[in-house]
Structure formats: structure tokens, C-alpha cells
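Some structures to go through are shown next.
The two complexes that follow have chain A in common; it is paired with chain B in the first and with chain C in the second.
On to the complex of A and B.
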């Protein structure tokens, strides 16, 4: 909260420096894998930040947030397949459709709360998932390879990995800044007030439904952007983009990193995806130390370690990693 | 009856076989405190719920300042000037006291589709909120999280929010509930002062407070008005004594 040199601020600054300097490391070492990984991390962090806007600040636990990744991705993929590669057509259309989908889902689901809200958002996401499965022209459940990334004339070449990474990073930071401005604005206070005590909000004169709906749509559009970037990153779309476990991953990112702050989900996205990559190796290493040879099969059980870690965070560190960092100084 | 700001006519509300309000008719005039008393389960809070639009009556109508508001949603009634406090404290516990009140100010400051400017630096919201807090004696607690305030302070904060809501009528649901004698006395003094500015519909169990404040009393028993009138009349009413006051005396005696 303060502008001081707290442990958390130092950590966030270090993290940002790392993200900015990453391409230099890649250039120096030729390690492109880590750049690919972090491009993915940065893109999914946008989705996690957008989810946190409705979940952490608005108390709307959407279990169908991956649907927007799919919509964003499929708009890019389908248009590319039909020969429309112009980013200025693809991107706005993707964001528009994400927003419209959110408007429809929100208009229905926001009339419910708790478990019902979670189930309805999940149900809508599953509908989109199965629709994508049935799109035979666009690969059905096999997915579709995108021949060319979005074109922006000579403005920016997305097939340049470094440029693309920096574009994603810039969009992530812009998203974080936007959400930060928003949650501290009048609009943001209404959203947080509705999370805290919806009934009281109505009693003091706020039509909370429409504010929550607008918030839901904004989050959908931001997550649609993440989907657009993801499709451009992998040059491939498939229904797996919006499998329900992906929605779960996004929730985990937000919870793990910390829902109380705007930047928390970014930390969570980095933590989850880096763990996902490194835990199998650590298990391999461990099995080597114990048995003298690497047990390849053991690597598949990395989630056995991730699960308890999540449990510990949820049980003992409400506020996630970000919350732990914020407490370091106070104690 | 022409100076009645709020009129309730024939209000009826049933929950299954239970009648919470049965043909309730009463009004609230300028400059008065109209107390509603009655034993637990008499339908007092249900009545406020209907006045605020949180419950839809099965029959009857509610007229505020000449306008039929029976079908209006809660937030519109609030914006018209109906402000309520809750029997069970209903606050934004994860906000500071000042944030709580500032939200009530913001509700009456036009729409909130403003996405950019830091609302906590807007003096048009913060100043009136500070004033309302100061008025109830919570000025020094402005930056404390509502969750960390005492029960008595919660009641005061409830009240500050209602005040900041630009009310034209106050609907107070047991404002003395759980207050110590000192805090109660302070609340009574505050309400007495406030009564000069706006009429108050007061639901209260504390008879001392009721008799100190009310100009008129309506007695509800099982959702039905069994008596309504000036203080002395209610005090003298045999049915009321039996149904309610006697019971109280017996308990206290």
C-alpha cells in the first residue's frame, strides 16, 4: 500500500525487471524455450488479471473464463483460415464478440449467486467448448493451425518473437494499469461494495446489477485479448484452449498470486506456469538422487506436489503470495 | 393527513400461511417520530422491507411524497430519499468507516460509471462523508476498518451512512439494539435533534427510548395494527398493555 521500499514492492520491481530483460537473456544464451514459456505466461497473466477483476474485486467467481480465450483465439483462427489476416479486423472483432458473449452470460448468471453463478458460467463455457468441437471446417476437436499471425501492415511484425513478447508484456502492463485505475475509481468502489454487501448497496441507492454486468463485460473483453494473443503465440487453436480445466487454472493463478491486489494474479500466473514446467524436472532429479536413476514415470505426478502447495496457500496464506510479501514487513 | 410524507395503505404480506402484514395502514408526517412497537415476530422488519422494496407486498400500496412507489426497485426508493438503517448491522466490513459513508454519498452523486479518477481523492465525496461521521461522533475513527469497530460504533456508522444518503425520511430498525445505556442516551439525543430536519419511522424495543422520542406510536401484533395514536393514548390502551407493555413490565419487574 505504501510507496516505501517494502519487501513486496522490491519483489514486484524485480519481477518487472526480469520480465523486461528476459529477451536479452535469451539473445545472450540462445535459450528460446524460456522466451516461449514467458510469452505464454505473460499472455495468460492478462487472462488471470481480468478474471481477478470480477472474482477478486467483484466477488463473481466465474468458472468459465477460458471461454473468452477460446472466442478470442477462434476469431483469429477462423478469419485467418478464411484469408482475413488483418489484425485491425481480427482483433476488434474478437474483442467485440468476447464482450457480447460476456453480456449474454452476465445478464443471465448475475441474477444468481454462489454455486449457481459458478455453475452457469461453467455451463456457458462448456457450450462454447462443444460448439468449437463441432466446427469441422475449422478442425473440430483436432484444432486448426494458423498459417500467418495477425498482420498490422508494416507497423509491427508479430512473427518477430522478441517484438511479439514485448507487445504482450506491454499489453499486460496496460491491463494491470487499467484495472488498477478502475478498482480505485467510483466504478471500482461500487463493484467492491457489491461484493462486500450487495443488499446494503441497493439500500443506499445503487442499481448494482448493471455495474456488475459492465464489470463482467470488461473482464470478458480483456480475456478475449488474451485469447487473441494466445492464438498468435501458438499459431494454433483447438477446443483445448477453453477446456474447463483452463478456467480452473486461471482461478488458481488468481488465488495463488493473491486476489486482493491488481498485480497478484501476475505473480500467480508466473508461479503456476513455472512450477508446471519445473516440478517434473525436480521430481526427476529427486528420483535420481533416491534410486540412482531417473524414474521417468514419476515425473507425471508433479501435480501431487502442486496440489498440497495450493492447499497450504489457501489455508495459511489468504491473500496468496502477494499477501505473504505484504506481511513480511509488517511483522 | 395532507402533510403525510409517507403513506402506507392496506399493506398485506403473507409467507405461506403466516401473515406478516395484515392490512397495515399508517402514515408518517413532517417533523414527527412515529414509533412502531410490537413483540418479536410482529412483522416490524417485514414492514420496513416492504417500504424499501426488498419485499413485494401482496396487496396495498405505499405512497411517498404523493408518488406511488409500491412497484419501484430498492435503489430508486433510496435515491428518492428513503434511507434505512438495519436491525442487524449491515456494513461494508472490509472498507474503512470513511469509505462506508463515502459510498452512501456517492450513491446520490450521479451515476458511478466513472472508471479513471481515484474516488478516494474526490473531495465532493469525502467531505460530506467526513461531516456525517463527525456528526455521529465517529470523526476520529474515519480510517479504521469497519470490521475493527465496536458494536456501538457499528450502530453509529449505520446511522452516519443513512445521514449521508441525503434522506428525506429515516426508517430506523432498532437503532438502540445492543447499545449500552450511555450509547443509547447519545443516540436518543441525536435522534431528537434530527427529528427537526426529517421525519423518522422508528422501530424499537427500548420503551424508554420510544417514549422519549415518539410523537405517535403504532402497535403491531401478528402483522396487525392493534392500536395507533398519541403517546398517552397508547399508554392507556388496555389491549396494548395486555399484548405488549404488560409483558415488558412483567419481564422488567
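On to the complex of A and C.
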């Protein structure tokens, strides 16, 4: 048993405990900001985990993953605007459409590889982005405010912050569990085999195209779920939901946390979004230590630090945070 | 009819800008095998440099010339510091690393020039319209852009196909180890190519600047279009980039000009106005998807790879 107690496992367990106990802390202190932030983190972590399924395990670098966030969100928003608030209609329909879109995109783009794959997935996401921009009835590029969150007939009330947070967390854990079971199954091994040598996998009789397509669709559906939750969280949808830089953010989360490990993207999502919130303060603190007074202007330019940090992660920490943890040996 | 010709010229002018961006991108891509998302940042930097220098020198031409030199230097410095370690890594690393650079440059520009945008005013002699066909007037400056870009395209062609350095560039694209083994300083060559690509992107940015607004993030959407152009044209092929740039420029402009009217036949007036631009953008991506499905290597695949 003792070999289970690695730095990495302790860290993951601590992180999980933190996520589970967070509402208790916010209740005690009345700090709703942290609650809102972490709900967002947990939701985007689902998207990052789903992206990691195809990117980290399948080697399919999708640069258009935010499209599913948009599809999930817009299904909820459009149905809400048309007066259909039932979650049992909204959610399955959103997942279904995400899956169908992934099926179409995957069927076309999986014929290509490498940078062509990156660009064609980006292109399809841009198409959805422009469609959303053209939807005049649903706000066009201004976006659309959702009047009421999805209704589940009194079974579960999504407007209760704590309840909604735990629902998102439960869905995140379910997603992580699903992905973990999947990558360790025969299906997952075929996918990983196709990543390292597609031709060899085909030669020993696996129709890798079909396997990869199914994997691509599953990832799309999971990310669609994230979009559904995001729309319910912010009560607002706009094309910005699927701007291409958002797809970039999702890639950053997966790589920052540790690509190709099941829990890595969760760490990455927490790291990136917490960093976004705290970097301005850290810079403010740094300017205080250097100059003796807090330079307010310095706080604004936190992205000046974030950008080069990404580059450094790429250059020197390929395994991401998870990789660093895995290398720490317990003495 | 007049409107059609005018829109045609507008489309070609947009295509020329796209070509300037795409040529640098495809060179860098074909030769260094590098996906550079920060290429749009160089477009933006070029526009900011030109706006600054035009303001300082009070001369449009001097400002453009100084801006070009500044962008070239910025590109080479960027290559030396941040891009060089990325060669030979996989494409995901390129996407991520240069995405970081893009964030950095947006913020740097905000720090140096402030969040409000800049404008470049044209010299008064550029503000006239000339008669291109009997009865058809077209803004002189847009014609200047077309002509200048055609000249650049010609120079680029001569540089790559007819000079010694062009020969090295082509050789480096097909086999970098061999070129290195023959005693060519391949690192220096890469830096030069990157600088050239940067200058081309910067040139596009500063040519577009008087027609639009110099602002943060101005390079991002056009960068995506430039990527579409090099995918359609075939990665590494300058000729392909040229043809694809004109096609994409025409589709985009024509779609914006004529699709709204077409759509209005089927839906309400206002819905047509907003759906038109969206449709023309979609048309471009649909074209790219079609090219990738039927000719995965692009229309003019680069030979010798």
C-alpha cells in the first residue's frame, strides 16, 4: 500500500478534498466570489478533461473544442428563449447535437493529420462561431441573457449555488471516472496504440478510423455537457463562448496540468484560472516589495507574465504540473 | 455593374493583404515546419510601428520604411529568444508556445501604446479616386496597396527562385540536415526567413492601417484567414498562397456585398443583413473543408518535400 502514497496521489487527494469542502468554507466566510470562481473552474475542467481524451490519449489535437461549449450553451439558451426550460429536454438535446456535430467534424477531419487536423477543426469551430454571430433572434454578437436556469421539476434546483456547484463537481468526477475507465479499456488501448503508430494498428486488424471517430464523438458530447453547465452558470451565452482563443485556453489547461494523464487537465484548469485571478495581485505584491508602494498600473499587465509562462511550460515542463509531481520521489 | 467591379477590386485588395500574411506564414511553415500563431502579432506590431513613425516623421513613406525595418528587427529578436527553442518540437508545442507569445504581445502593445487604438492618416495626394475604367472610380490608395503587394510578390518570387539565398531557403525546406552539413549556417538562415516573414506581415498591417483602425488584437481574425489561405493553397507553396489569397479575398468580399441581398429573398430584411457576413465567412471555411477532404495537400502542394 505504501507505494500508493506518492507526492502526486497526496496532491490529487488534497485537491479533491479542497473541491469537496469548498462550499463549507464559503458558507463560513460568506465569500461567494470563490464559489463562483470554482464553479466555473469545475465546469471548464470537464471541457479540458474531454479535450485531453482525444488530444492526450488519441493524439488528435483539436483546436476547435470550444465549439462544443458553444453548441451546449446555445441549445440551452435558445430553448430557454423559446420558453422550453425543462432540463430533461434541454440537456439531452444539447448532448445529442454536440455528438452529431462531432460526428460530422470527425468524419471529415480525421482523414487528415498533423497541422491539417489542427486547422480543419479550427475551421469548423469558426463556422459555428459565425453562425452564432448571425443568429439575430438570439442576440447575434451581443449574446443572449438566459432568464431561467434549466428546470428539473423540483427534483433539483439549479439556482441554489451550493447545489449547482456539487452537481458540477459530481459531473466532473463522473467524467474523470468515465475517461479513466475508457483509457484503461481495450477501446482506450486501441486509441493510444493508434496515437503511437496508426499504420501498425491497422495492420494488425483494428479499423482505427472508427475507433478514433467514436472517441472524438465522446469527447464532443462531454464538452457539450460542459457548455450546458456553463450557460446555466453564467445565465448568458454569446459567440465569445467559442472564440478560437477559448479553444486555445482549453489546450493550455490540458497541457499545463499534464496531457495524457486522466486527472492532469483538472489540475491545469484550476492552475490556469486561479492564476488568472491571482496573478494581478501577485504582481501588485511584487511591485510593492520592489518599490515600497503598490503600483496599481502594474496589476493590469498580468498577461505579460502569463504569456511567457506558457512558453516556458512548453519548453521545460512537458509533462505539465502532473509530470512534475510524478517526478517527485517520496523519501 | 459598377458596384460589382468595385467589389471585385476590394476583394482583390483584401486578397493581397492576405497574401502578404500568408506568404510569410507559409515560408516559415514550409521551411522551419513551425506553426506560428504569433504571426498576427507581427501584423499588429507593423501597424503600430508605422503609426508611430508616421507621427514622428510626418511623412507617410518614411514612416512605412522605418516601420518595416522595426518589424524586421522585432521578428528576428523574437526568433532568437522565443522561437528558436521551438524548432523540432511537435505542432502542439508550437501552437501553445506561440499562443503564449500572442497573449504577451497583445499585453505589451497595451503597455507601450495604451488601450486606445491609433490611426494613420494618408497623405492628401492618396485621398483621391482614379478612373480605372470609363465611369468607374476607385480609391487610389486601395490601388496602391494592390500594386505594392504585386511588386512585393514579384520580388519574393525573384528572391526565392533566382538568388543564392533563395536557393538556400528552398534547399533548407527539403533537407535541413544536408544543407547544414554542406556548411551553410542554417540557424542564421532561419532567423533571416523569420525576419522576412515578420516584415511581410508587418507590411500587411501597415498597409491596412489607414483603411481601418490600429488596435490590439487586430491581427487575430485575419491570421485565421491567412491560415485558411495556406491550407487551401498548400503548405509551403508561395504560388498556392497567392492564388488562394485572391480566391478567399474575393469570396469574403463578394459574400459580404451580395449575400445579404440574396438571403433577403428568403428571410426578413434585418435577418438577411446579419446572416450575410456570417454566411460568407462560412463559405470560406466550407471551401477549406472541401479542399482538405478532396485534396488534403492543398491546391498547389509544394514539391520536393
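One rule holds for everything that comes next: the second predicted complex is superposed on the first by the 316 of 331 C-alpha atoms of A that agree within 3 Å, B and C clash if a C-alpha of one lies under 4 Å from a C-alpha of the other, contacts with A are read in each partner's own complex, and residues count from 1 in each chain.
Basically, a residue touches a chain if its C-beta (ideal position, glycine included) is under 8 Å from a C-beta of that chain, and two chains touch if they have at least 3 such contacts.
Everything quoted here is computed from the prediction, not taken from an experiment.
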Inset, instruction - Using the touch definition from the top, say if A:92 reaches chain B (first), chain C (second), both or neither. - result: neither
Inset, instruction - Pick one for A:134: touches chain B only (first), chain C only (second), both, or neither. - result: second
Legend entry - Dominant contact partner of chain A by residue count, chain C or chain B: C
Legend entry - First (chain B), second (chain C), both or neither touched by A:188: first
Inset, instruction - Answer with first, second, both or neither: which of chain B and chain C does A:120 touch in the superposed model? - result: second
Inset, instruction - Would you sort A:301 into first (chain B), second (chain C), both or neither based on which partner it touches? - result: second
Inset, instruction - Give every residue of chain C touching chain A within the complex, in rising order. - result: 29, 35, 37, 82, 85-86, 89, 91-93, 95-97, 99-108, 110-111, 220, 224, 227-228, 231, 235, 270-271, 274-275, 277-279, 281-282, 285-286, 288-289, 292-293, 296
Inset, instruction - Flag every residue of chain A that touches chain B in the complex, lowest number first. - result: 181-182, 184-190, 192-193, 196-197, 199-208, 211, 214
Legend entry - chain A partner contacts - residues on chain B that touch it in the complex: 52, 54, 73-75, 78-79, 83-84, 86, 90-95, 99, 102-104, 106-108, 112-120, 122, 125, 161, 165
Legend entry - Residues of chain A touching chain C in the complex: 55, 61, 63, 108-109, 111-112, 114-116, 118-120, 122-124, 126-127, 130-131, 133-134, 136-137, 140, 244-245, 248, 251-252, 255, 300-301, 303-304, 306-311, 313-315
